[in-house]
Amino acid sequence: MTALPRLLMATALAALPILPAPVAAEDLIVGFTLDADTLDPANHRKRETETVIRNMYDGLLTRDADMLVVPEIAESMTQVSATEYDFKLRPGIRFHDGTEMTAEDVKFTLDRVVLDGGMGDGVTSPRQGLMGPIASVEVTAPDTVRITLKEPWPILPAMLPNQQIVSKAWVEKTGNDGVATAENGTGPFKLAEWRKGDALILERFEDYYGGAADIPPVGKACVDRVIFKIIPESASRVAALLAGEVHIINELPAFSIGQVESNEGTQVMTVNGTRSFFIAMNLEGEYFDDLKVRQAAAMAIDKQLIIDKILEGTASPIDGILSPDAFGASALPKVAHDPEKAMALLAEAGYPDGIDVTLDTEGAFKDTAEALASMLTKAGIRTTVVVGESAQLTDKWRTKGGAKSGDMYFSSWGNGSLDPFDIFTPTHKTNDRGNSAGYANPRLTRCWTAAAVELDVEKRRAMYREAELMINADQPYVYLWVPQDIYGVSKKVTGWQPSADSRINLHDACLN
Amino acid sequence: MTVLLEVSSLRTEFATRAGLVRAVDGVSLRVSRGECLGVVGESGSGKSVTFASVMGLVRPPGKVTGGTIFFDGRDLRDIAPEEMRAIRGRDIAMTMQDALTALNPALTVGEQLGEVLVAHDETLPAGRAARRAAIRDKSVEMLGLVGIPAPETRLRQYPHEFSGGMRQRIMIAIALACRPQLLIADEPTTALDVTIQAQVLELITDIRARLGMAVVLITHDLGVVAEHCDRVMVMYAGQVVEEGPTDQVIGAPRHPYTRGLLASIPRPSLRGQPIRPIMGQVPDLVGLPAQCRFHSRCPLALPSCLVEVPMMAAGPGRRARCLRLEEVAA
Amino acid sequence: MSDAALSLPPADSLFRRNLRDFRRNRLAMASLVVVLVFVVMAVAAPLIAPQDPNETDLFRRLQPPGWMAGGDWAFPFGCDALGRDILSRIIYGARISIFIGLAVIVLATGVGIAAGLAAGYFRGWVDVVISRIVDILLGFPYLIFAIGLMAMMGPGLLNIVLALAYKEWVIPCRVVRGETLAVRELEYVEAARALGAGPRHIMGREILPNILSPVIVVSTIRMAHVIILEASLSFLGLGVQPPTASWGSMVSDGRAFILEAWWVSTFPGLAILLLVLAINVASQGLRDAFDPRFSE
Amino acid sequence: MSLPGFWFGILLIMLFAVHLQILPVSGRIGYDNEVAAITGFLLIDTLLAGDIAAFGDTLRHLILPAITLGLPMTAILMRVTRTSMLEVLRQDYVTFAEAKGLPRRRVLFRHALKNALIPTVSVAAIETGSLLGGNMIVETVFGWPGLGRLVVESIFLRNYPLVQAAVLLYAVTYVLLNFVADILYTVLNPRVKL
């Protein structure tokens, strides 16, 4: 009976002298929302996973801080014809296991993503759709790879930074399961330990070739180790930053900006995001099949007020699906906030007493959805927010043409390439996977089939503007805003800045 | 014989939801060294509470509110709790009615016996190992004294592994471990079979003789008193109603209650005669008027009995609390 | 047939004495008053609440409580992220918390009594089946179980009640079974059986009234648990749907702001704590007074 | 009892980690300590490795979550123990122990408490079972990769095989805990045999 407390006391006393354990100086620690699902660059569709992977794997191309596409593993890119691109590879790039990277590895990587069953065992990569109409990948010289497209696809360079190069020999040896839990990239850091759900510990790769020549400084990574520490709860993540336990946190809540700014030793860094928020209105539904009702909804919402008050000004309003930073974005006619006119429109549509509708959303956006709902309600569209789980909502709203049951859906779509290709088409093309409104416009389909293969940049830009204007007349969505990505960063960190594609590139980051 | 314990005008009260209960109301008694005093009365007559008061073991809501308790020349009501603790178990020991509930089910017999020695025995050697050995030897000796076979192995056993009579012996062994001057045996036999009752009582009497200690035998069995006690004290409703040498009290009771008690015992000598139980019930102890408490059940009661009755001399060394004690004897 | 006289011990006087005992327990009385205040608050919410609980105003977003700088006494406990009055939402939220607590307990106690009586009275395979179900259910973590059910059934007030009652009945069932086992052998039950009463009569009229008091006591204590469980479900986003205020969802909504605007989740959290504490203390007082095993 | 845990946990973090900076905000162990995973329990592994510094570090990471999770249970166990202590103190054997003139400490702790702990142990076993299920909030707050969080996520993702496995694990753990409680019973109460 007495032995146990005595033992505990002794242990507690033994622990006391080492209680304040300082963080080792050369560890850069990132407080990160989510753990990686996998370390396989070909087998995920998640931003957080990609963020982690891209510190260990490099791609053919990458982006600089201004989102400009620049060569990384490739030394240069040459467009041979409308459907053929040549990539000349840098010499002397080594994988983390010491073997040299070859053109065969590049071909293997892309085949693994693009081909049906490309991952082996009949498994097709979930990223296949992102690589569009790639017909074949050939090694044309020991240091050159040619990508041939089925049809012209001008955004290939914009999509390639998202695909990291793996080692053919290693993948074939370890198999898909091995690739999921270990890594063998060419990137600035290699995996030291993955404590699943807790942390990813990466250490500097000493034989790193130096990274993209266009993004200085070129060379090995600055810090010895990088640790992604998984802290899902926002308040805890902020607390960890304030306590000096982590150096960078992602997804800093907007209302915590003031606290991080006023804290000595920490600052806030923002970058324009690439995710567009909107309300999808069910065009097959009871009320929203009527354009007047949709217009009324758009008028009911004061997006600037929400941006100012809830998002603390860290978002840009949008009037179409495209972010202001995206290719093809243009100034579009704005819908003025006017609840009275909205009510008048409702009455015109045959609902003088207003309508009762629901607004679906995920738990994370409940706040904003409730604010939207109360604005709609004040304009006669009495809205109840229904919080659902993402899987459930996907089944309900992303039906790819199947029947829909809800009224409105507050959601978002990401646009990592900042090209209309991976946001415009999925959300507005008839029966496409992100077309939650159930919008169908044959003229539009023709328009962007042409735009996708149009090589003349200016013509292409004009085509998208035309499309956006066409859509705006139909108002299938209420376009809301593109929020900024907000990071809390310790002032000890230098040489790092956030990038719009949510990549946390720690190659150049140093600690003072 | 010198007086060992002298209690005078002891009063113990319980504050209950129904009101103030005077469980012990002005009890005086005296126990001499080596003497055996029998205390008789129905349940609730205050016998156990009286001696719990002596031991300083009355629990809230009960409280000793008056009187003196002189033990070996010291007033036990007047000494520090620590001193009282030192006296308990060493000078005054107690056994309880039911050994099954009085022995801790979670501790071995050896531990429950040894701890008394640890608490009181100053002759134990200093070294740890020597001390343990000494405690062990004494424990074995005590179990042997109360007649438990194979005491070495039995010390490691738990109370539930013993029979009822054995448990009672163990409790007695614990009580006697420090050779007390006074043993208070609270109904030591009620929970036992008749044959074992006799054995246990023999044991107490035997040890009393050997150790020369005084014994207070609380019981409701006048037969036991007749056999083992020098003097007897009869209690009724918190008061002593009669006391005196055993043979005299039993032979010629001076209180109608004592007489009633005697009449209600089935005795072989009176076979064939009807047993005559005392009619009625013990009065509610709350708010009793200061008058004869047996009045409502007394066959001899007169209207003039409705006054406060003091203890009155009833012969040499005898007292009784009855206005008509002469008539009782008749 | 005077089975009332046969079956019921002198309950009236005992009950009165117990009641008197309970009244004497000041802490328990105070707790009971707190519980009653919450109940009145819930019932009369529209009359008491100073503001419309669902009226948003983004200009009052995260406005501090009345006594703090920037506060306004019209919103004594401050405002939440959408500028809604926290006090009014707490007052309306009492409806949800207390309703769910009561509904679950009534449902679970009803089922539990029926199952427990059957198991304890019939013994044999009925007892085996019911006891096994009880044991199996006890092995599941409560919250996980409820979350699973909610995920299957979807949100909604009725579903919350069902999801919680699904496991809650086990507890009254256990109590009732134990008590029934003890009571069924007593004389008055034997007497009723000898007089030819059927099992339904015996269980309902003879046994039930005599085991009701521990069941009521246990149920009251469990109600506090249920209120916390509802709060936990709401906290995980599985509770009541917005904009309805439930204390749990209020704490949950406010948790993101806890570093900057502590009042958003603290006041509803305190409301939960206070009600649960009051129910616990009051029910313990009840138990001390009514359950003979705990009275002196 | 998981809900107040959230509030309380953040409070502890703010006090001990952010203001006083004597305990870590989250995680299980620091990153300078590399410990071979033998059992997966860091406290045990660090001891097996003989790494006292890592053991201390693990302990430091444990303090706040343990307090957050344990405090509500402390209250319950206190209540149970109090009730049963009151009950036990009325027993004859306590009176008898008093009559033996034992020191007060011994009467209370050896005689009374040992018996009073019997219901405490069984309640503790049941409550630990409910801790198993109710700790996802504490896991979230302190960034622990725990089973509770995993199960809740799996339920939402309709990952039923994982939920089934977890439920099995919970049930086994629950049974094991009760088994441990039974063993403790026999220590506390010699009348009970396994």
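In order of appearance the chains are A, B, C and D, and numbering begins at 1 in each one.
In this section, contacts are C-beta pairs under 8 Å (C-beta built on N, C-alpha and C of every residue); 3 or more make two chains touch, one makes a residue touch a chain.
Given the structure is predicted, the values throughout are model-derived calculations rather than measurements.
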Which chain lies at the heart of the structure, taking centres as C-alpha averages? D
Interface with more contacting C-beta pairs, comparing B-D to A-C: B-D
Please report how many Å separate the Cα centroid of chain A from that of chain B, as a whole number. 88
Would you mind pulling out the distance in Å between where the CA atoms of chain B average out and where those of chain D do? 48
Taking each chain's centre as the mean of its CA atoms, chain A sits from chain C at a distance in Å of 45
For chain B versus chain C, what separation do you get between their C-alpha means, in angstrom? 51
If a residue has to touch 2 or more other chains to count, which residues of chain D qualify? 10, 14, 156, 158
What positions in chain A touch 2 or more of the other chains? 233, 235, 239, 389
Which chain B residues reach two or more other chains? none
In the complex, go through chain D and note every residue touching chain B. 90-93, 95-104, 106, 110-111, 114-115, 188-191
In the complex of these two chains, what residues of chain D are touching chain C? 1-4, 6-7, 10, 14, 79, 83, 126, 129-130, 132-134, 136-137, 148, 151-152, 155-156, 158, 163, 166-167, 170-171, 174-175
Residues of chain A touching chain D in their complex? 11, 14-15, 18-21, 23-24, 27, 29, 35, 193, 195-199, 201, 225, 227, 229-233, 235-236, 239-240, 242-245, 389-391
Show which residues of chain A lie in contact with chain C when the two form their complex. 233-235, 238-239, 253, 255-256, 258-259, 305-306, 309-310, 363, 366-367, 369-371, 373-374, 384-389
Quick one: which bits of chain C touch chain D in the complex? Just the residue numbers, please. 138-145, 147-148, 151, 228, 231-232, 235-236, 248, 251, 255, 258-259, 265-266, 269, 272-273, 284, 294
